[in-house]
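Take this structure first; my questions come after.
A, B, C and D are the chain letters, set down in written order, and residue numbers restart from 1 in every chain.
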Amino acid sequence: MVTAFGFVLLTLLLVTAVAIVVTPNLFVAVMLTSIFSLLMAATFFLLDAADVALTEAAIGAGMSTILFLGALALIGEHEARRRRRPWLPLAVIGLTAFTLIYATFDKPRLGDPAAPVHQHVAPWYLEQTPELMGMSNVVTAVLAGFRAYDTLGEVLVILTAGFGVLLILAERRAGGRPDRPPAVGLRHHLIPRVVGQLLIPFIVLFGLYLQFHGEFGPGGGFQAGAIIAVGIVLHALLEGEAAGRAILPTRVLTGLMAGGAFLFAAVGIAGMLLGGEFLDYSGFSADPVAGQQLGVHLVEAGVGITVTGTLVAAFHAFADRERPA
Amino acid sequence: MIIDALSFAMLALGGFFVFMGGLGALRLPDLYTRMHAASLTDSLGTLLTLGGIMLQSGWSLATVKLLTILFFLLMTGPTATYALANAALFSRDDGPPATAP
Amino acid sequence: MKVLGLYNYWVFTVLLMIGLYAIIARGNLVKKLLGLSIFQSAVFLLYISMAKVEGGTAPIIQHAGEPQLFSNPLPHVLILTAIVVGISTIALGLAIVVRIREEFGTIEEDEIQARDRDR
Amino acid sequence: MYYAAAAAILVTMALALLRALLGPTVYDRVLAVNMFGTKTVLLVSIVAFLSGRPDFLDLALAYALINFVGVLAVLEFFQKTRADGRTR
C-alpha cells in the first residue's frame, strides 16, 4: 500500500517537472520547484531514506526557493517565447530516453535484497558501526567517520561555491537609485512579524537538536546547517536586510564559512598528530569508541558551521543587491 | 477499544475534511473563497488527523512531537493565510476583489 | 510485478530527459538552471531507489544486537552531501546569471550572443 | 483507516498541484504551495506511524517549521519585484 503511495507521488513529480519546464513565467516555475522538492522529499521518505528526506526538505522547500526568488527579484520573471519548434533537442531526448528505458530492464527490481549494490561494503558498515563507532545512525557514521575524506571534499566545494557567489556579486553594491526607500522587509505586517519572531528561536533550537542528535536519529551537520540558515534568513525577511546584516555581518559569515572547513581539516590533522591516519579519530580518547564519537561531533560541527555561513551569505549577496535598470 | 474507535473516527473525519478542503480549493470561483476552503484543511483536517494518530500512540515521545507539530501548524497556517489575503487585497495590479472579503 | 518494480527507474529516466530538454532547448538562463536542478533530482532519485531494500527500514539501528533489515546507507550518504553541494552550485550559477543580466540587460541566450557580437 | 486518511491526503495533494498549475493569480499558487506543504506534513506523520518508526516525526516537524518561511519569502520578494513596476 505504501508502495502505491510512492507511485502516486512519482506521477505527481513528473507532472510538476513538465509544468516547470513549460510555464513561461519564472516566478511560477520557482513556486512549482518548491512543490517538486516537497514531493521529492516525501518520495525519499517512502524509500526509507530519512536523512536524505530531511536534507531535501530543509534545502529544497526552504533555501533553494528563497535563493531563486532572491535572484528573480534582480532578473525579472518573464521568459521570451521562442518561435522555432525544437525538433532536434526533442529527437535527441527521445532517443536517449528510449536507450535508458531499454537499459532499465536489466536492473534488479525495486527493493530486491539480492541486488549487487547491497553486496559489497554496505553490510560491513551496518555490522561494524555499533561496534566501532558506538552510534545508531549508520548514515552519520559513514558520512563523518568511514567516508570523512569524501565529506571534507564536499565541504570544500560548498566553501568554494560560497566564496564564488560573494566574489561575483561583490562589486558595485551601492550603485542603485538613491530615491528608492530602503528595503524594510515585512516589518509593516504586524501579525506575520510577531509569529515569525516567535518561530525563529524554535527553528534554531530544532537545528541545534538535529546537529547534536545526528548520531542517534535523523540529523547531522548538513541538515542542521540548512535549517539554522533558514531561521537566520527568516529574521532578515521580517526585519529587513539591514537588520539581518547587522546580526551577522559579511565579515563574520566569511569567518564562519572558512572556520567550519578549517575545523574539519584541523580535526583530521589532529588525528595524524595523535599517531593515527588523517581523519582517524580513535586517538582522541583512551577509549577508541569515545574518541570516534568526539571526532564525529567535531567534524559535524564544522560541516554545520560552513553550511550555515555559506547559505546565509549567498542569501545576503542576492537580497542586498540593487535591481538593475 | 473505545480509544481505537475514536481515533479511527477522527482519522476518517480528518481525511474527509482534508479532501473537501482540497476539492474546494480547486473548484471554488475566486481567491478568497478558495482560501477559505484551503484553511479548512489546515485547521480541522490537521487537528483531526494528528489527533487520531495521537490517540493511537498513547503517552510517549511521539505524542509530544505530534503536539509540537500541531502547535506549529496551527500557529503558522492562519498567519500564512492572513499574510496572503493581505498581500492579495493590497496588490495594486489585481484591482479590488470580485467578492467582498 | 517485475514491471512495477521498475517504475522508479522509468520516472528517473523521464525526469532526467525533462531536465536535459530544459538545458539544451530553452534559451532562458534561469530555465536552464531549473532544468539542471531537475536533472540533479533525477539522479538523486536513482540512487535512493537503488538503496531501498524490501521490508527494510531507514539505517538507524533501534535495538543493538537484534537482527533487522536496513536500506543501504551508502547511497544515502552520497546523496545527502550532493543535495547541499547542489544548492551551493545553483547559487553560484544564479550569481553568474545576475551579473549577466546586469551586463547585457537580458538573460536570453540568443540575445546575449547577439549583443556580444555587436561589441 | 490510516490508509484511507493517507489516500485522502494524496488526492488533496494532487488537487492542490492542479490549483498551482491553473491558479490565475500568483496568490492562488502561493495558497496551493502552502496547502501542499501542510499536506506533506500530515502524510509524513501518518507514514512514519504506519512504518513503526515514530522517531521520524522529526521530519514532519522540520517541514512544519520550514514551510511558513517559504510563503513569507514569496510574498516579500513578490512585493519587491512588483513595487518597481518593471514587470508586467
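Keep in mind that, in the parts below, contacts are C-beta pairs under 8 Å (C-beta built on N, C-alpha and C of every residue); 3 or more make two chains touch, one makes a residue touch a chain.
What you see is a predicted model, and the numbers here were worked out from it, not measured in a lab.
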| item | value |
| --- | --- |
| Set of chains adjacent to chain B and to chain C | A, D |
| Between chain D and chain A, distance of the C-alpha-averaged centres to the nearest whole Å | 19 |
| Centroid distance [mean C-alpha coordinates] between chain C and chain A, Å | 12 |
| Chain A-chain B separation of Cα centroids, rounded to whole Å | 28 |
| Sites on chain A at which at least two other chains make contact | 50, 72, 76, 186, 192, 196, 199, 202, 217-218 |
| Per-residue overlap in chain D, given as positions that touch at least 2 other chains | 6-7, 13, 30, 32, 51, 53, 55-56, 58, 61, 65, 67-68, 72, 75, 78 |
| Touching two or more other chains - residues of chain C | 57-58, 60, 62 |
| Pairwise chain contacts under the document criterion | A-B, A-C, A-D, B-D, C-D |
| Chain D partner contacts - residues on chain B that touch it in the complex | 7-8, 11-12, 14-16, 18-19, 21-23, 25-26, 31, 34-35, 38, 41-42, 45-46, 49-50, 52-53, 56-57, 60-62, 65-66, 68-69, 72-73, 76-77, 79-81, 83-84, 87-88, 91-94 |
| Parts of chain D lying in touch with chain C, wherever the complex brings them together | 51-53, 55-56 |
| Chain D to chain B touching residues, read off their complex | 1-2, 4-9, 11-13, 15-16, 18-19, 25, 27-28, 30-32, 34-35, 38-39, 41-42, 45-46, 49, 54-55, 57-58, 60-61, 64-65, 67-68, 71-72, 75, 78-79, 82, 88 |
| Partner chain C, residues of chain A touching it in the complex | 6-7, 10-11, 13-14, 17-18, 20-21, 26, 29-30, 33, 36-37, 40, 43-44, 47-52, 55-56, 59-60, 63-64, 67-68, 71-72, 74-76, 79-80, 82, 86, 89-90, 92-93, 96-97, 100-101, 104-105, 107, 109-113, 115, 117-118, 121-122, 125-126, 129-130, 136-139, 142-143, 147, 150-151, 154, 157-158, 161-162, 164-165, 168-169, 172, 216-218, 220, 222, 225-226, 307, 310-311, 314, 317-318, 321, 324 |
| In the complex, chain C residues that touch chain A | 1-2, 4-11, 13-22, 24-28, 30-31, 34-35, 37-38, 41, 44-45, 48-62, 64, 69-92, 94-99, 101-102, 105, 107-108, 111 |
